[in-house]
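Chain lettering (A, B, C and D) follows the sequence in which the chains are written, and residue indices restart at 1 in each chain.
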Amino acid sequence: MARLVAVAAGGPAGLAAYGVIVTEPRYLRSLVSTVVLAAVVTALTLVIATIAGVFLQRNRFPGRSVLVAMLTFPLAFPGVVVGFMVIMLAGRQGLIGDLTRLVTGERLVFAYSMAGLLTGYLYFSIPRVILTVMAAAEKLDPRLEEAARSLGASSWQVVRDVIVPGLRPAFLSAGAICFATAMGAFGTAFTLATEIEVLPMTIYTEFTLRANIVVAAALSIILGGITWLALALARTAAGSSVAASA
Amino acid sequence: MARLVAVAAGGPAGLAAYGVIVTEPRYLRSLVSTVVLAAVVTALTLVIATIAGVFLQRNRFPGRSVLVAMLTFPLAFPGVVVGFMVIMLAGRQGLIGDLTRLVTGERLVFAYSMAGLLTGYLYFSIPRVILTVMAAAEKLDPRLEEAARSLGASSWQVVRDVIVPGLRPAFLSAGAICFATAMGAFGTAFTLATEIEVLPMTIYTEFTLRANIVVAAALSIILGGITWLALALARTAAGSSVAASA
Amino acid sequence: MSVAIKLVSCAKTFADGTRAVGPLDLEIPPGETIVFLGPSGCGKTTTLRLIAGLESPNPGGRVLFDEADVTEISIERRNVGMVFQSYALFPNMTVGGNVEYGLRVRKLPAAARAARVEEMLGMMKIGELRHRRVDQLSGGQKQRVALARALAPQPRVLLLDEPLTALDAKLRDALRVEIDALLRRLRMTAVYVTHDQAEAMALGDRIVVMSQGQVAQVGRPRDIYFAPQSRFVAEFVGTMNRLHGVVRNGHLEVMGGRVPWRGRGGGEVEVLFRPERAAIVEAGAGQVKGRVATSFFLGDRTRLLVEGVSSGTLVVETTDRRDWEPGQDVHLVIDPDALLTLDR
Amino acid sequence: MSVAIKLVSCAKTFADGTRAVGPLDLEIPPGETIVFLGPSGCGKTTTLRLIAGLESPNPGGRVLFDEADVTEISIERRNVGMVFQSYALFPNMTVGGNVEYGLRVRKLPAAARAARVEEMLGMMKIGELRHRRVDQLSGGQKQRVALARALAPQPRVLLLDEPLTALDAKLRDALRVEIDALLRRLRMTAVYVTHDQAEAMALGDRIVVMSQGQVAQVGRPRDIYFAPQSRFVAEFVGTMNRLHGVVRNGHLEVMGGRVPWRGRGGGEVEVLFRPERAAIVEAGAGQVKGRVATSFFLGDRTRLLVEGVSSGTLVVETTDRRDWEPGQDVHLVIDPDALLTLDR
């Protein structure tokens, strides 16, 4: 890794390699869109997964255990396959396209846009976070909730004052992992061959196709730095071993 | 996902698509080498990470906390960057090549072979498993070890009868995740552009470059099936929520 | 402020079909401290939760507070104070924040809240802990905070679910004394659940002994102790000795001798008596003779386990300071009025 | 088989600089049950671990088993049996596997192992649990298995670290009786660590009361109880009342009256006495008069907290069956010989 830093800084332009990234619009756009994408994925995942996770933990209904078992499926598929599935769903010959043509007369195709990428990432991250939230919700002391209710707290106040604070470490940990995964996801983006170039793709292109090792190294350092910072922040805030559950 | 199955089975040759994979040497080779690679990575990782993890958990020495903090670094780098680093270390212009030329007069280049792929995968998986093992070792009741010793057990017997059984759930969980990650890793293999074609790469090639959707679907199903089976087996054996810590 | 509580044919069957509480009727007059006592799984906690509103009784069962039917009213609006074995303090709030919580959700003005928190912390003697995080407290301090929090919104009834079980012996005794003083001073209706008979006897105005979802006996501590209505109650509350023998010629003949018999019936019987109703006497003066199996010096007393009087071991206590050796002979006089014949 | 244990100027300072045990010397004759008693952090467990070989004493300290220096011998070769508060059963083995473990690592032949396991399970009355997993056992059963496991390899000394603390009151009493019987029968040197004074008095041939890493007093239970050498020991073991007053004209004058004074000295003093040395008498016959603050019915006795005799509250117990109301007057006679003057 030290070598990565050295390569980036030791290139023809020295530390200027880092400057290039900020000045060259293509790199900057890739950086910004990757961070935005990762942040959006993380936020959406946390909201959806928390509601689903707490619901699944609290309610017993027929088919519940099948549903929970199915949540582990997406973990088994690599990014390439996820990208592939998104295309089959929302691509030019995709299922959603077929359906929308039947209904509205126009094919809805979003596999190659931001929406497609988002779908792929969410498909991957939501089940994982649901399982984390469920595990954390199971460990919440039900007496805490009962105590709050006995003191007159409404359901909404119980959620705000007991459940959300109780799930905070799980949120931080799951959120950080989710963000890190989204920052580094390559297979999905590559397969979708989207209009949006995410950072791992840029690095790949610079390194392999253009042999622009200096820029690739600088981009890698920046990508790693941002991700590590997110993990470290979450770890500090949660006070527990976030990385261990990565 | 159901659509994946349908596409695979509904192709020109029907269920025969699965037959092709077994008969066509290229697919079979890719499948076998991926499973072997993933299994080897998992086994090596568990052995190295357990020794390192238990050592780090048990011993306090100067620099220990820095070392533990550094273990979270590799988590921050995506597979593409890891592949990139392997090339910089063991590639044609790599550091190891420079060093070996100085010593033996011949460049050691293994970035593009199985060894390079293994290095990349291990770099990624070992720190992650070390952290899991450390977390599990911390939770082992030290009284168990003391009880075994008071009964006359030697250090080796304590390891065999107390520590290894105590870490078993962590082993199974970390091993399954490690295996699943190795099965699905795309970025590293793609960047290294190795002679060994791993399954996610074969799927990508079939789908994107050759538009051979039926085979790609069948391969995806097989890949997902094997990985999910590994996760499910580990989950059953460990009895705990393996997937939640994925 | 304190209410009467009435349970009318309250039963509770859980979703999995287990009947936790058989239909039971109970009246708790205002200001009384009632203790539900029983082994684990006897339904005492479920009954408490029915009163709290954390469980609903099966159809037909009713819970009344001062003649008002509260069966359909959820716990948030029943105005009850609860104290749990696990303390259940909010870990994300300070001690002061915990005590204030019930006032905050009721939207009391800040000044009124601060005054009441102050009063509660003072009452529980934990004023100096106000700004502490709850994970920095000892078990005893946590339970004081839990009491202050439960009492702050001036509940109509205080419900305590094994509040002292998690504490060690010395602390348990000290806090038991304080809770007793608190309940007497506040004259608040209180329902206290425990599996510890000493705690139940020390705290309860009345005790409800429960077994397998049913009420085994209700009464004042001394009624329960001196006049148990069943073998279960007799053996669960305090220590009981068993004598197995044959009634003949106005005496109960046992292995180690004979005791005057004032009961009815005859033939083979098994009777019960409390350890303090047997006295150790000089050789010759005793009705029965046994052998010391073990002796335990307890400080103010010595407890002897005596073999050879009946088929089992008898427990006898003495305040003399003699040293008792295992195997030594011991002569006993048992008060004939203390022998209880209980069939059930 | 059982050994004498000798600690010679054993001290233990941990890596972080805290001194857990001050240099202490102690001799335990073969076959004795010795109990280390003290509050948490007093060094009692560290002393046990020094004997076990789980900790090494600071340089200069020595541990002897029957005159043989074992200081440098690690626990695996000291042949000691250990029982922990947390049971520490191997979760990956059955009950039988746990008991067999010490025999297996010693490579005993299978037949001898099976016979010994059988014997141990029989002794602890857990034969029918042989094939159970340890997580299917109750706390009491777990501790029986732990005892059987520790005793199976015929250790030279049995070390018990708060073995009953995790159990509830009734079970604790029952198992205490069994452990006592077991130790007497085996005549094995045993070291027992506890913070519970009742347990210490009931089990110990001798008690070592510890405080802040030092030995506060060593003696038989009745020596510790009747003749404590310091205020710490007096108040830690059993209940103690304090009387604060002035010695004048051969009497100790206190708030509620006066008690004959047979001690030396004069002026302002604070003396201690045990609850059982005060008797409740009719009005007029008492030396001192107080007021009932609270009464606790304990079944065989009633405990009264009495105010107004001295600055604090006195604890008095009575076996009469009267009902005591808070506020009621109570008249006491205190045995003048029971008054202890302890400075430390």
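In this section, a residue touches a chain if its C-beta (ideal position, glycine included) is under 8 Å from a C-beta of that chain, and two chains touch if they have at least 3 such contacts.
Computed from a prediction, not measured in an experiment: that's the story for all the values here.
Novice: Taking each chain's centre as the mean of its CA atoms, which one is farthest from the centre of subunit A?
Specialist: D
Novice: Where the centres are mean C-alpha positions, what is the separation of subunit A from subunit C, in Å?
Specialist: Centre-to-centre distance between subunit A and subunit C: 54 Å.
Novice: Counting only Cα atoms for the centres, state how far subunit C is from subunit D in Å.
Specialist: The separation of the two C-alpha centroids amounts to 26 Å.
Novice: Hey, what residues on subunit A touch two or more of the other chains?
Specialist: none
Novice: Would you please write down the residue numbers of subunit C that are in contact with two or more other chains?
Specialist: Subunit C, residues with two or more chain partners: not present.
Novice: What pattern do the touching chains form: line, ring, star, complete or other?
Specialist: Its topology is that of a ring.
Novice: Which chain pairs here would you call touching?
Specialist: The complete list of chain pairs in contact reads A-B, A-C, B-D, C-D.
Novice: Mind listing the subunit C positions that touch subunit D in their complex?
Specialist: Residues of subunit C touching subunit D: 168-169, 177, 180-181, 184, 195-198, 201-202, 221-222, 225-226, 237-238, 274-276, 293-294, 296-301, 303, 305, 317, 319, 321, 323, 326.
Novice: Mind pulling up the subunit D residues that touch subunit B in the complex?
Specialist: Subunit D residues touching subunit B: 52, 54, 74-77, 79-82, 84, 86, 88-92, 101-102, 105-106, 146, 149-150, 153, 159.
Novice: In their shared complex, at which residues does subunit A touch subunit B?
Specialist: Per the touch definition, subunit A meets subunit B at residues 1, 3-4, 7, 71-73, 75-81, 84-85, 88-89, 95, 128, 131-132, 134-135, 180, 183-187, 190-191, 193, 200-201, 203-204, 207-208, 213, 216-217, 220, 223-225, 227-228, 231-232, 235, 241, 243-246.
Novice: Which residues of subunit A touch subunit C in their complex?
Specialist: 141, 143-144, 146-154, 157, 161-162, 165-166, 168
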